[in-house]
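Okay, so subunit A shows up in both of these, paired with subunit B first and subunit C after.
This part shows the complex of A and B:
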């Protein structure tokens, strides 16, 4: 799965937690989860759990704290998927 | 440097079932915190409330620090809760939580709730305790209500200068939350800062936003040195600010 494919799947993970569907549709790697997508911080753990299930990976504490924007989410997911291989 | 940090969790918006999964709560609790729940008197609080209480404390600590440490990332399990002291009247309230000091604001909605407090005093029935981040100690006050968990933190043990409040709102969209929490906090700040003065004029206070995202209190467009923190979740908004009033 390349970064573009990870991003497309990531949009599905984020969708239940943002009301800003327009911004989600046009999301870029620079999009911030809280400031741009207005995702409530109380849902950050949900997103990590959902991402773990979606990509069949485990996201440790040190990695999860980096997942503040789309780029860092893709970085972490890509790294963990490579570890799984 | 003084700062401000608070958080609110709307209990209707959390996934209670998911909260009980170790995969979920292990991303919030440090290993040493699970025994903290086991040490509480049975019936003190549900496990999901315990998890979200600790989340709200940790998020509040993070917000308190983020103001002066812009590069800080939020890692809940790295903030350790070391002590939870129950409210003084907790034993009497275990099965009568409706006695919590909330008041109805009937002018807005018969179902709307609002609660505000300053520091501690005879009416204070907060959960209290200590949180550690690296070598730093933080003190917290938390309110657990059937509908929400609210927390405020301070780097000093005294909460004499800490003002905080919680309000329910009619709509849970981000724009409404943002407007509501600003209005709620400004009402309190105007009352505190301009009490006893002629209120006929327009308030000079406004809320701005720092480049880092935290709220700023502005007077006549100039930043005031009153640290302010906002939180919102679903149908609840909450503020806290750190303000020492001069002696009367």
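This part shows the complex of A and C:
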């Protein structure tokens, strides 16, 4: 799975947590989860749990704390999936 | 500060009607909401009937944001949101507000967090998977979850809390909201209570052998308050909500005024002199009703209707007796008396608020709803009051004042006096 494919799947993971469907459709690696997608910060933990199930990976606490924008989410997911950057 | 407090909005999720129009139709026509539960037969419950609202989540998908709805599993919170937001819009208010509404608070009663959500927590933690619980669990197992969802949606920013007083919870929430407005601390209070009796809660009552078990295949006949054949109560689920408002505040915004809360009282019998954990003591009940009347300046003789607690246990006789002592009225001088539980069962935490919605509807539309399943009024009750005081069909008559009470485990009592709104007081 390359970064573009991870991004497409990540959109599905994020969808239940944002009201901002237009922003989600046009999401880029620079999109911020809290400031742009207006995701409640408490829900970041749910996104991590959903991502673990979606990509069949485990995201440790230290890695999860880095996941604040789309780029860092993909970085962590890709790393956990052992995908070459 | 001694402000007049009026009711300007109603919302209800009841076993015999979701939404005020359906509920009104049902209570006028004596429609039962009690049904047989095949699942309860499989679980070997003694009682296999319950009052369950015909509720699905589509009822609230337009009420709260999709993001909040995703992951919401607690049914009692769903009932509460529906009843509370319906009451809010019924009072002529819009839901959206960018600013906190400092003048409006919320007291919404709840007895127990959602047990199916709790069950998931127990399973996850025991499987060493607590990391997978996520952020949405605490808000659904905390007792105040329902209040948090409601006040968050509407921006309610006066006093916001959840009360818990067993079967007196609903009436007590109304009383506390009333006091908040009466004392000038809030202009408006959204009050009510919610209950979802799932199989776990049901099982705990079933085990006490206090539920009706002889009408499992005649569910609509199972809830029989005041009858000789009453053999225990039928648990029910749902939520009721009212908007209480400072009279002047309501008049300023040209609100429709449904009724007035003339007074009320809450106490406990102290679990002494006949009162126990599970049985109300007569002294506390009589004192509670008497103090509610005194606070209202409505005379006992002016009470047209008693909407009782009357669950369909042996305590019904004692209750009628206590009303008689408190009002000093008996026989043909006794007011009319009815029990909504004959139609919907005993909705526990939600009983007081759903029954209060029925009280207000009877005041607005000037009728007394029928008592179901009263072919055989209990002879001990007929020694206290006239047969025609317990109507089995709809009665249309002038109703100016209604006394409403609920009694809960812990020997806790609450009585409210509702009156028709009259501008001159």
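In this section, the second predicted complex is superposed on the first by the 82 of 85 C-alpha atoms of A that agree within 3 Å, B and C clash if a C-alpha of one lies under 4 Å from a C-alpha of the other, contacts with A are read in each partner's own complex, and residues count from 1 in each chain.
Just so we're on the same page, a contact is a pair of C-beta atoms (placed from the backbone, for glycine too) under 8 Å apart; a residue touches a chain by one contact, two chains touch by 3 or more.
Here the structure is a predicted model, which means the values were calculated and not measured.
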item: First (subunit B), second (subunit C), both or neither touched by A:45; value: both
item: Subunit B versus subunit C, judged by how many residues of subunit A each one touches; value: B
item: Subunit B versus subunit C as contact partner of A:29, first or second or both or neither; value: neither
item: Which of subunit B and subunit C A:8 touches, first, second, both or neither; value: neither
item: Which of subunit B and subunit C A:17 touches, first, second, both or neither; value: second
item: Touched partner set for A:79, first subunit B, second subunit C, both or neither; value: neither
item: Doubly contacted subunit A residues - partners subunit C and subunit B; value: 19, 40, 42, 45-46, 49, 52
item: Subunit A-facing residues of subunit B, complex; value: 9, 13-15, 18, 23-24, 27-28, 55, 59, 73-78, 173-174, 213, 232-234
item: List of subunit A residues in touch with subunit C within their complex; value: 16-19, 40, 42-43, 45-46, 49, 52
item: Subunit B-touching residues of subunit A, taken from the complex the two chains share; value: 19-20, 34-35, 38, 40-42, 44-46, 48-49, 52, 61-62, 64-66, 68
item: For the subunit C and subunit A complex, residues of the former touching the latter; value: 65-67, 70-71, 131-132, 134-136
